[in-house]
């Protein structure tokens, strides 16, 4: 077991190492951060000064090594734009992102459960199709449009819920729903096909034969097993949530990582771009790793299958 | 499973009981802005877009009236006077003004702040020109500061006032020296009517009132919060819900909000939207004056003002013509200066210049703070120019990318634009010196020896009449040579909640003059 | 076992090829609605030149924000109304079908071709090749697609090509993972072992035996992801990094119209409706295909 965990850990770290090079190069490809920092009247000398001050005059190799070396100790350098340690910015934003992702995840589970179960139990009927359409609808509209219409109607006109901010719980509902609905389709699909498989299995048939009530069969036996694939994809869910969140955060003025990344890219803030991408990737890797280890723990065969 | 459901149910019930926030008699003021610029709290790192909140936290050496004129009432200096030769400016400081740390503001603080503002680390808008101009700063008495310049000049008070950038903000020397720049940038201390409370980057900046302040008396609002809300629909929804008292809105939204009864504070002619060609002009069609005129004549400015800018704009006819300086300088836009919409004549001029078959021109398209119409506007301009046979390629970029091309002169002849904030004559000089003075300036878009000659004389000139003549001639030549395509003056709408009191939004750029709103005087 | 005499092709496994899907029983009815919608839009995209009532890029500022024809202020000249520059919305929605469908299909084809190739190679050779390729795949998957597109947009400017490339450069990893997983399982099966014993080349085994057996999965994934790509492109437009105007792409049309949802709802509504229908249809078709071809596929 330990060997398996270690091997998976090494794999994740290898992927992250590749990513450091990619993000380092990509960040620098975005252009010159000084165009946003220095005023129009800045002289050649001012540019040289600022370059030196911000450490941009060093060679790329030197910059890369210093970036990786510091990153290993949890230091991502200073933001070129905000002139503060990047780690402070991440500390400001990451909790907001995680909270929103957790809320969105809850929303999508709440929607996917009944839809997925209903669709599987009533497979092939109009109910099945209706459930699929409801789930897929969330994925068929651009999130920003859903968000804007929700803000206009629910917050602006009906005044039921706040339009922005992250201070109150009520502020979570609209962004959480927008984001959550977007991933319902995927989750519902997994639940439905998982359910179908399990409902067809010997052991559920046995439960039926033994006279277990149908709703108990469905809810307890089948659902428990159908949940596994949903857990498997937790990492992918998270990365989809974070990606989509850039848009949702912009509309709802939600101070999360996605918005930070957007601001960093538009202002060519290399250290922040690097830090956000690596943080996100590290979290996704961590989620995947935990899931894998959990599986390996449950099912020893996986340990050797690679 | 059950616990999860219970938890979720609890969450939902919580959210449902929270109704719209009550805005009745609240002691706080909330301002929603679409852009915070760099979000830096240190005045020397910001540049001028951040003045909205900084001007509440800090006092300027020279105050201004809401319409941007230097004033003895709004700043730390109660009076100032130049020496005979206009090379020594003496500022007399207000006594008894205290920083939020309790220390009194002295001449030493002023000297320290100004030196810091023109220091190497400073990235403010006018640090460069001031560095070149200022020779020494003397502090003969705790309440007196003398600024010695290398050349005779009139511009010092305005450059250090609230009307331009942040160089004139006075910071606490002791606090900075004791705690360093990094601590200051996170926990800034000033002497303004509001103290810094917290900043959550990407979200908000919160300030709290001091007990009493010489600028405004006991502040009416206990807290002032600036919220960053990039999306317009969201800002409007916040306004409707009473969660926000002031928000910048787009020109397109004004009619709708007015119908609903929200007061709109319009900053008339807040900016002049001007287009120009990236230098050098050699081998470019725009080297020919007639081509530049043709491109001007092809544009229907009234139609643009009425459509793209929703009627909240007026046609502009002088490149970089900052109209707030006109009265001071005695400049008048004569009817002959108007560009009529005349595509036929534009075509004829092109033919005359040898471009009867048209030519290709790149137009950059980008949004800017205060110009949400940016890309649509660029598309509309492309449409006009295509009608006279110019083949336009729209290049969508963002502003920093465009600025790099512009300064590097990487794409000669390509067109860019900016909504240049309107300002008084000294501010205008500062701007024109950047964009129309060819000597060693990457930002120059004019490159005309005659204009260079006139601009060189302005800062050294101490006779206001002669400055007027020089600047009028600069304007006239900018117009007659068609150095750029002036398009429209933009009015900028700011929506207020229905409960907000009387408020003169003023004309100081990147500043709201919340002073009047918060004043109990 | 007559190993020498048997040509590898004869050993082809009984995979359910596309044509040989299980009989259409209950719940397996062809999704007529989805097929009609997709077919309809494909036709519109192909015949855009003929169908479009106007030049989609022709401006008329005086006619901006003309409402649809059934509104009192609408005219037959602009059946669905006009946008903020006075361009005909119907023409733009029609041309937008070509742009948006092309973007979706091209991106997914690029991504799936590359991803499948990587997956096949990794699964076939296993060992170090597999490990190396899978680490690159992991790294790619953990790079948020929208961030990459944004970076590309600010680096070289947003354009149709860049949007397609940016999304494909991230999306291939999903295909690589799924295909590799399937190949690993297939490699354990007898018919592959026999083909190897029979002396079939790696190329032959990959193209003749492995690839055909992953096609079902690929088809399902491709169908499901065309919609996803169209939506991602729209999100990019919102952030200013999508297919830029004046090119009529549905995403940028909605993004442009979003500030007018109350004053001129039609500007974002019609392209929004088009996206909704197409993406919904592709998703439902994908779901149906999966039920039919590859019920065990575990993918989002």
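Each chain carries a letter (A, B and C) given by its place in the written order, and its residues are counted from 1.
Simple rule for what comes next: a contact is a pair of C-beta atoms (placed from the backbone, for glycine too) under 8 Å apart; a residue touches a chain by one contact, two chains touch by 3 or more.
Note that the coordinates shown come from a computational prediction; the quantities given were computed from them, not determined experimentally.
> Among the other chains, which touch chain B and chain C together?
A chain counts here if it touches both chain B and chain C, which gives A.
> What is the chain whose Cα centre is as far as it gets from that of chain A?
Of all chains, B has its centre farthest from that of chain A.
> Taking each chain's centre as the mean of its C-alpha atoms, which one lies nearest the mean of all protein C-alpha atoms here?
Measuring from the global C-alpha mean, the nearest chain centre belongs to A.
> How many angstrom between the C-alpha centroids of chain C and chain B?
45
> Quick one: report the Å distance separating chain A from chain B, using the average Cα coordinate of each chain.
Chain centroid spacing, chain A to chain B, equals 38 Å.
> Taking each chain's centre as the mean of its CA atoms, how far is chain A from chain C in angstrom?
Taking the mean C-alpha position of each chain, the two centres sit 21 Å apart.
> Could you check chain A for residues that touch two or more other chains and list them?
As it turns out, chain A has residues touching two or more other chains at 31, 148, 152, 250, 266, 268.
> Which residues of chain B are in contact with two or more other chains?
233, 398, 400-401
> Give me the residue numbers in chain C that touch at least two other chains, ranges are fine.
As it turns out, chain C has residues touching two or more other chains at 154, 258, 261-262.
> Quick one: which bits of chain C touch chain B in the complex? Just the residue numbers, please.
So the residues of chain C touching chain B come out as 59, 61-62, 64, 84-86, 154, 157-158, 240, 244-246, 256, 258-263.
> Can you list the chain B residues touching chain C in their complex?
232-233, 250, 252-253, 255-256, 300, 303-304, 307-308, 365, 367, 372, 375-376, 379-380, 382-383, 394-398, 400-401
> Across the complex, what residues on chain A touch chain B?
So the residues of chain A in touch with chain B come to 31-32, 35-43, 46, 49-50, 53, 81-84, 89, 92-93, 106, 110, 148, 151-152, 155-157, 159-166, 168-170, 172-173, 250-253, 255-256, 259-260, 263, 266-268.
> Using the touch definition up top, name the residues of chain C that touch chain A in the complex.
26-28, 131, 134-136, 138-139, 141-148, 150-151, 154-155, 227-228, 231, 234-235, 238-239, 251, 254-255, 258, 261-262, 268, 272, 275-276, 279-280, 283-284, 287, 290, 295-300
> Provide the residue numbers of chain B that touch chain A in the complex, in ascending order.
Touch residues, chain B against chain A: 8, 11, 14-16, 18-21, 38-40, 42, 45, 47, 120-121, 123-129, 182, 185-186, 200-203, 227-231, 233-234, 236-238, 240-241, 243, 398, 400-401, 403-404, 407, 433-435, 440-441, 443.
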